[in-house]
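Right after this note come the structures.
Across the two complexes that follow, subunit A remains constant while its partner is subunit B and subsequently subunit C.
Coming up: the complex of A and B.
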């Protein structure tokens, strides 16, 4: 009973929030409703008994991914509306709709074909001890999905090294103690001053 | 949790627990401002608030009246909805995080025979839930800074994003080593693991120190309070806020300080187990109070750090230390 009510609350609010994300012209509305929708989705995970996934949804999507989006938004005025350019609205509508249909088919086909089975559907193992949700995830990750898990780990390592190489060009000396960077700043200031003078003239 | 050992947890018990948490923490958060000002004053050889009531105790009421009656200003070009929602996010996430934290040991109310559990909601991934909720708390300062159409606000929210994202890594990695030792994510298991009287801080001193440092950064306390650093960015993300909207940020910050205190007490300092002649509830209150006092002590003792020092500390000192700590813990556990 409570679960049904909770499900409808989470489902309806998720839909509404993501609709705002897609429809709003204001970046700030779009970002905050996307983040709030992610929180609502983690509520759905909790309802399904997948506590671990729900918490991971919170930490990864709400805490990290959306915060990175927000960080990219620091570079422009987030309180203004954006003028969107639609060059070919019917094409966008068609492609978007097709993608939506494709996702629904992809995720519902195994359910219709009864091919989805929970590997550990019970909260108790064969000896009668209770197993916790995080332990299920660990067991499945290190048995059935070991190779995808390891491949994902290697990919993340590659991404991390690439990130460090891209960002770390001047990391071996401190910018605040560096006189060269001070001089660069001075040169830039002089350039800006000259430009301003030229514009005034 | 073994349901045979403990009395059944009823909905009434959970509701009583939730009201208890809200009442106690909100009261402490209010009273904390008085304690903070008094302690800071004594450490700096001043007197602190002393004019309103005996020893300035009623200063709290005076501050409350001021906050409630102050004019509520929303800047002209601000995004009004987000501007209004942001303080609520800070306060709400701080209190939601407290739902999965054990504040007192479970007890039964004598006459009506209602069992009040030690945690309002004992989900078996409690630690991750609290960390996730505190991570979601970064949207309060972030949206506040971005919605107010003020450059100081934008600077404050940029600092929020950097500081919280970076120090979440340290919090997670430092608490990973105790999680490996206990083998569970539930706070109750952490408490029971230390029931024999050996606190986890004895095995994990490095993790404890790292967690405390990261906790200071995540609660925006003084060595790392760059989000609202007066000398650099006026008030950062709270520049345009006044009255009760500002008060909500304040309550959220104090609730987060208490949450960090509870996590430190339960995970590293023996939780709510009885100790010698002291009962468990007294021990946990004492530990939380000490960690609260510790935060004020640090504020009186240390100056701010610069933003680049903050990042240097996080990525070049704390994170490698945390990773090494995790690896060594794993090796020792494998050998023993």
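Coming up: the complex of A and C.
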């Protein structure tokens, strides 16, 4: 009973929050509702017995990705509303609905076929107790999925370097308070003042 | 009423379609990024639900790798967004797009 209530609470709140994200005109509202929706998604993971995945979702998405977005928004003007020219809205919603149907069919098609077996079924230790999720995730991740894990680590490193190089270039001088251009402006002002004096004379 | 896999799949389909509608209708690049995050999360929910249905851990594993991909995508993408904002002063696709067609 509690599971049903929890599922519907999480489902309705994620749907509403993500709809706000997709439809809102304000970047700040969109970002904060996206973060709240991520928290609710992690609740769904906990319901599904994927404890470790839920924790990772909380730490990585809500903690890291959202903080990165928040930092990036310091570069953009987040206070003013976004103006967008929308065209052919019914087609967009029709395509979105079709995509949802296609998605559900795509994911549920293998379930209808019965000849699917669990590749790494939930394990049981020698005493017959089921192993906890986080422990078993570690066991599988560092044996069967070790190479993808390492490749993902290298990918994250490459992405970090790329992010630093892309965003950090010319970070050492400010666009609004550039000393060189300030000096040039002063020189120009002096020139104009001298010209005015000559003309007056 | 029991909550089965179909509930989770339908929920993730709804979330995916919300993200897809966002991708189609957004003209601002930052908002487009938000919409892709929604789509990735919807797929994660589907993976976790199917993994739970089969008593299998592979679904959760793929969800982990999807999270890793999303994190690196955000790191690179935000760098590119900052560069674009410095160059064009805007993140609107209509302003940025240079190809006519």
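Some observations on this one:
As a working rule, the second predicted complex is superposed on the first by the 111 of 201 C-alpha atoms of A that agree within 3 Å, B and C clash if a C-alpha of one lies under 4 Å from a C-alpha of the other, contacts with A are read in each partner's own complex, and residues count from 1 in each chain.
Assume contacts are C-beta pairs under 8 Å (C-beta built on N, C-alpha and C of every residue); 3 or more make two chains touch, one makes a residue touch a chain.
Here the structure is a predicted model, which means the values were calculated and not measured.
Judged by the touch definition given at the top, the superposed model places A:9 against neither subunit B nor subunit C.
In the superposed pair of complexes, A:190 makes contact with neither subunit B nor subunit C. Contact with subunit B, but none with subunit C, is seen for A:28 once the two complexes are overlaid on the shared chain. Contacts of A:109 after superposition: neither subunit B nor subunit C is touched.
Shared-chain residue A:67: touches subunit B; no touch with subunit C. Looking at the shared chain after the overlay, A:136 reaches subunit C, while subunit B stays out of its contact range.
Applying the stated contact rule after C-alpha superposition, one finds that A:52 touches each of subunit B and subunit C.
When subunit A is checked against subunit B and against subunit C, the one touching more of its residues turns out to be C.
Overlap of the subunit B and subunit C interfaces on subunit A: residues 52, 56, 64, 68, 73, 175.
Of all the residues in subunit A, the ones that touch subunit C in their complex are 3-4, 7, 11, 14-15, 18-19, 21-23, 27, 30-31, 34, 37-38, 41, 44-45, 47-50, 52-53, 56-57, 60-61, 64-65, 68-69, 72-73, 75-76, 82-86, 89, 92-93, 95-97, 99-101, 103-104, 107-108, 111, 116-122, 136-137, 140-141, 145, 148, 152, 155-156, 158-160, 162-167, 169, 175. The touching residues of subunit C, when paired with subunit A in their complex, are 1-3, 5-22, 24-28, 30-31, 33-35, 37-38, 41-42, 44-46, 48-58, 60-61, 63-65, 67-76, 78-83, 85-86, 91-92, 94. Across the complex, subunit A is touched by residues 77-79, 81-82, 85, 123-125, 128-129, 131-133, 135-136, 138-139, 142-143, 146-147, 149, 154, 157-158, 161-162, 164-165, 168, 184-186, 306, 308, 312 of subunit B. By the touch criterion stated above, subunit A contacts subunit B in their complex at residues 26, 28-29, 32, 35, 39, 46, 51-52, 55-56, 58-59, 62-64, 67-68, 70-71, 73-74, 77-79, 132-134, 174-176.
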